[in-house]
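Down below are the structures I want you to see.
Two complexes follow with chain A in common, the first pairing it with chain B and the second with chain C.
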Partner chain A sequence: MRNLSAKWSGDRIELAAMFAFLAAVILFFSIAAPNFLSLGIFRSMAFQLPELGLLTLAMFIPIIAGGLNLAVTFSANICGLAAAFVVQSALMNHGIVAIPAALLISIFTGLVIGMLIGAMVAYVGAHPILVTLGAMILLRGIGETVTRGGDISGMPDVFEVIGHGSLFGIPVPMIIFLAAVGLCFYIMQFTKLGFSIHMVGSNPKAALFSGINVNRVLVWVYGLSGALSGLAGFLMLTRFNSVRVGHGESYLLITILACFLAGANPFGGFGRVLPLAVGLISLQVIASGMNLMGASQHLATVAWGAFLIVVMAVRAPFQTKS
Partner chain B sequence: MKAFTKINIGIAAALLASAPVLAAAETTIGVVVKQGGSPWFNAMEMGIDQEAEALGVNAFMVGPTSNDPALQVRAIEDLIARGVDVIGVVPNDAQVLEPVLERARAAGIKVITHESPDTVNNDYNFELVSTEDLGIAHGELFANATECKGSYAVYVGGLTVPAQNAWADAAVDYLTEHCPDMKQVSERFGVAESVDDSRNTTLDLIRAHPDLSGILAFGSQGPIGAARAVQERGLSGDVAVVGLFSAGQGRRLVHEGAITGGFVWSPLEAGKVFVQLGQMLVEGKEITDGEDLPLLGQIKLEGNNIYANKPLALTEESVDGLAELGL
Partner chain C sequence: MTDYALKAENITQKFGAFSALKNVSFDLKVGEVHCLAGENGCGKSTLIKVINGVHRPEPGARIGFGSGQSAGHITPSDAKRNGVHVIWQDLAVFPDLTVAENITFDSFVASPLKPVGSRDRKRRVNEIIARLDIDLDPDELVGNLSIAKRQLVAICRVLDADAKIIFMDEPTASLTRKETESLLRIVRRLSAAGISVVFVSHRLAEVLDVCERVTVLRDGNLVGTYPTEGMSQKKLSKLMTGMDVHEEPRGPQTFGETAIEVKGLTRRGEFADVSFAVRRGEILGLTGLMGSGRTEIALTLFGMNKADAGQILLEGKPVSFGSNKDAIAAGIAYVSEDRLNLGLIQNQSIINNTAITVLDDLADPPVFLAPSRLSQLCTSWIARLKTKVSDPRLPVSVLSGGNQQRIVLAKWLATNPKVLILDAPTVGVDVGAKAGIFEIVRDLAATGMSIILISDEASEIHTHADRCLILRNGRIHQQLDPADVDEEKLEELINA
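So, the complex of A and B:
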């Protein structure tokens, strides 16, 4: 019981630290960048964050389980392609129905892809990096073959309501992202599956001997990751009104960066969803703030790297203590 | 739901529109290019900076770190939030940008695209040289170099590359009309993105067709490979090599007479045009067909597309300067 309360307060410190970093970054840009504290900037960030955010959540769960899913971006593309294909061939004139249909197809396709990857990791026993690297190249190949490197574009107009619309002033993509964060938070923190994922990541042998069906957990880990990628694919489809293999390719390494920034342990087992969300917002603030200052985009990458290193350095003494 | 969206976009537009008024009267122009850090777009940035200084406006280039179209969307979203007056784009993927450009225009921002004739949500797209004019320029040069004698071959980078094949079509049409005696030795070859393939094909063609008088190559490596083959055979000057290539890579071959010449368009000029057109739009000027613009010369206006005829000649005199720019 004492352990539990100590762990909880550790989480609180982590979250508070991430908020402190976020506040520091916002403070910096409010001083350095003209007009930073404006509604327009925050709306712009709220539109940009979700696609990267969803992909990061998709990366986060396997990392907690001691793995990695390098296939997230291309899974998202394939899911978007599947949804776009069905919508274009059957649902062009069915108005609003196309949206839930595309959403379900994307998530389901992602779930299937993810569970197949999970089964490979669990039952073949190959390292997740190898399996997901293979899956990444396979998915890209499939997508490029099917589309011949071109794109599927021209969705019904209702898609723009999701990708570029707002509800009560909050961009719809942001609402989707927050819902996904809430769901992940609930699963990881309050369900048996979430607990098992942490245990498997922390020590798979011990988890096995304590009666957790490790293989089944791994299938679900990558299934969840795939479903989140599918959601990201759906969101990209609504935002770009088009899908092509390679959209969002550049996000892959940034998702891993964001996970470690938020305190996920590279060796698995530790990391929480809420610091992740706050960390992502910090990264977005840096990117948009640099853009606002008219700095080179390459400099923004430098700032991201520097930010990660600073956060790691500040965190290091606390981690060795526990 | 849609009504909500409309209202919200309206509110956002009103907020954004009021922002620049409060800030300053100076025109702000942001140009998002395909990818930062390449010689081509460094030259474009130079053009943007030069023209910005000349006109006294605030213009800058945003170069994403990779050619992922998603990054261009993010950059444009930040420009909308910043409340610039004009957004310029060289799209990686025209389709992906349509929704965000629509939002930019709804916010009262002028949108100018370059090398993207199919974009719908823009005020104008400009091309420094139309596909047809670039093909014809090559055809003319080729006809002069070969004096309309002998047979010739056409290289493209790939048989499915739209721009290169359209250039080749225009050039071949020109030659068919003006040099009725010239013959193409065979269908076009898809070798022009590889130095080796272009060189080998040219060696084979020289062997097989003694009357070969020239090679027309539309693909970055085509003229280089063809010129090497011609040089190896000691035929520099006898077999003309015409096409577009990078100045830095081809300058030595041009000086040695193995490459006859070619045409490209100048990213530096394109950068200047972004700024000049942007300033014109902000001042509320309309652009009309046949108008004579300071940088573009006499233009053709087709729909939203402004076509200038400003091919940039790659000649013995110009290659060194262009190579200095890293092009």
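So, the complex of A and C:
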């Protein structure tokens, strides 16, 4: 009995619960919306989910480290902007080269922004909420100044391949998102950095006394978060063929809630990538299902809020107390 | 005929299938100072909570105050009406309020619209301070006070609430000898005023002489209530643990070459001109009062702080540490005095806490940290240090103090240190488990490890150190061989 309960403790229960929620949501919509179970619906979901998904991963890592990154959405915008700027000024007629160039520029810009934020959190010692809130407003200001509040549009046609293409029937954005999930899962579960992030999130002082370079870990935490934001910015650029500062802004609080939905500890130190991915898929199923039933987008937001609250309430009795 | 302030009989308290108290009886005379003793988890706190009205005991219990009727259980308001107050170890004072505001807090809660600074309150605060004859500024912020003074604030606060029975949970745990003495003086004053005080403690020497009787609990059972006259610390330990804890002094040993040497080490405001050497296999005792520089020296040796002057030599070669990572790599390990906040990450698993110091060794290739290697490491250390662990995936906080300390030792021994610094290694460890910790330490010394044992408990230094340095105001005051003095003399030298 003891063995069984230990085997089924923590992580597995969390993942099983998230799958159960997902199954429940799919079951509901396949009954309520008759043509829900079709390939087309799932394909459209697979195009829409990755943006929110990548931003949520970008939020997730700082939360595990006991912090928060409120600058994820505007980081993504700035990264997209940087890539669009370089592509438009130098790579419009260079065909396929523009894609890896835009990808690398987005990720690199995100990494730099994130590491600067991380350095502020680590070496200045300011609270992550303050640092990232400041960064968020700063980035928004820079973006709006540069774009004068409008769009930067007109990317090379090859961007279609990423934003709207499919590989073996799977939308490319989904492949990118799944790759990011795989990478985050690996980093968090199977590397020294991932181990250290969990320890720093639980108790930075004790981690420091145990020989962990807490400051360096924090720089990497926000660096990774920024790089993931950059990847999200790249996807937005390829999907909409344009960048607008403020795009995805409404996702910010949802990314935070989605992390807690998947069992991340608000005080840091605990949380797993896989339940997070499954939880995100549930949110997308709700949005698409509501859409299919003819409900307005605003009603879908109501359903998300309700879903998050219900999951929290159901989970509360099982959540490990510290 | 004696007047009783409290009589509690046949108290049984169950939590699920677990009985925290089994048919325990406890009584308290008016104005008595009583000691409630026992190891961690013996039921001391549960008994307080029953008397305080937090827990409701099984039917059959009788609890009564003074000459009043006894009842089957107490409600929190009964407890309050009868003047029962508990001062928990964390004191629960408000650091951002003044001394006076803290002291009158309860009456403030009772009538929140009355101005905080009313003359009546000020008068009462001054009265209480005068009654106890203590030095306390009513307008000072409590956050600026030492622990000892905060404790006085907590005492004044329960007096303002008209306390008749005061339980004090581990009141001397973080006090210096001098502060302890002044606390005991105040307790005598309270007792003379007819207030009963119950000390809850597992550091016994200092409270024994102020208490009239001692009640000992073990595993939820009442061992007995004894007069303290004629009670020795040894006898009391035996009652608490149920075993004869007797440790032989180490006796003369032979040592190897010098492992670590410190020359003229100075850090402004902390310690100055500290020089010593420790040889392989030697246990060096480093002792002195809190603030004498003992922990500060350890933190500098461990690379957490930089020295302003002086040299550290490891096996004859001068070393300089940019961070504690460098010190760990060079073979220095530091077991912190603060196991709760610095020694372990309490809510993380036992496995993670063991592996945290050796991630570089475990990750092979460097980008892959296999969970199976972490648990293998943990399992092997659990076996080597005979740690009682039901499941290493559980948070380390589920372990007892003694077993937690074994995990701390494991995480540092995994780094294969040449020099092991133990800072107050038995704080919060039961009497019985202490002996087990020192057995490990002696075994380590026998393998040629150099050990620096920091402690303010004279008995520990006397029994286990081969040589002892007494620090005073950041300087080495005296060096001695513990075998040349007896324990009482050593205690005197430390506290002088």
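We adopt the following convention: the second predicted complex is superposed on the first by the 310 of 322 C-alpha atoms of A that agree within 3 Å, B and C clash if a C-alpha of one lies under 4 Å from a C-alpha of the other, contacts with A are read in each partner's own complex, and residues count from 1 in each chain.
Assume contacts are C-beta pairs under 8 Å (C-beta built on N, C-alpha and C of every residue); 3 or more make two chains touch, one makes a residue touch a chain.
Computed from a prediction, not measured in an experiment: that's the story for all the values here.
> For the combined arrangement obtained by superposing on chain A, do chain B and chain C clash, or do they fit?
These partners fit in the superposed model.
> More residues of chain A are touched by which chain, chain B or chain C?
Higher number of touched chain A residues: B.
> On the A-aligned overlay, A:T147 touches which partner chain: chain B = first, chain C = second, or both, or neither?
Touch status of A:T147: no partner.
> Have a look at where A:S288 lands relative to chain B and chain C in the superposition and call it first, second, both or neither.
first
> Is A:T191 touching anything from chain B or chain C once the two structures are fitted on A? First, second, both or neither.
After superposing on A, A:T191 lies in contact with chain C but is clear of chain B.
> In the superposed arrangement, which partner chain does A:N35 touch: chain B (first), chain C (second), both, or neither?
first
> Pick one for A:Q88: touches chain B only (first), chain C only (second), both, or neither.
In the superposed model, A:Q88 contacts neither chain B nor chain C.
> With the two structures laid over each other on chain A, which partner does A:E160 touch: chain B (first), chain C (second), both, or neither?
A:E160 sits against chain B, while chain C stays out of touch.
> So, does A:H298 touch the first partner chain B, the second partner chain C, both, or neither?
Once the two structures are laid over each other on A, A:H298 reaches chain B alone.
> May I ask you to decide whether A:M236 touches chain B, chain C, both, or neither, giving the answer as first, second, both or neither?
first
> Identify the partner contact of A:A206: answer first if only chain B is touched, second if only chain C is, both if each is, neither if none is.
Only chain C is touched by A:A206; chain B is not.
> Between chain B and chain C, once the two complexes are placed on the common chain, what is the minimum CA to CA distance in Å?
Minimum over all C-alpha pairs: 33 Å.
> Touching residues of chain C toward chain A in the complex: what are they?
Chain C residues touching chain A: 304, 323-325, 328, 334, 336, 341-348, 352, 355-357, 359-360, 363, 366-371, 390-391, 393, 411, 415.
> Once bound in the complex, which stretches of chain A touch chain C?
For chain A paired with chain C, touching residues are 2, 6, 9-10, 189-192, 194-196, 198-199, 202-203, 205-213, 269-270, 322.
> What part of chain A is in contact with chain B in the complex they form?
Spelled out, the residues of chain A in touch with chain B are 34-35, 38-41, 43-45, 47-48, 51, 151, 153-154, 158, 160-161, 163-169, 236, 239-242, 244, 246-251, 287-288, 291-292, 294, 296-298, 300-301.
> What does chain B use to touch chain A in their complex?
1-2, 4-5, 8-9, 11-12, 15-16, 19, 23, 36-37, 60, 62-66, 68-71, 73-75, 77-83, 93, 95-96, 98-100, 102-103
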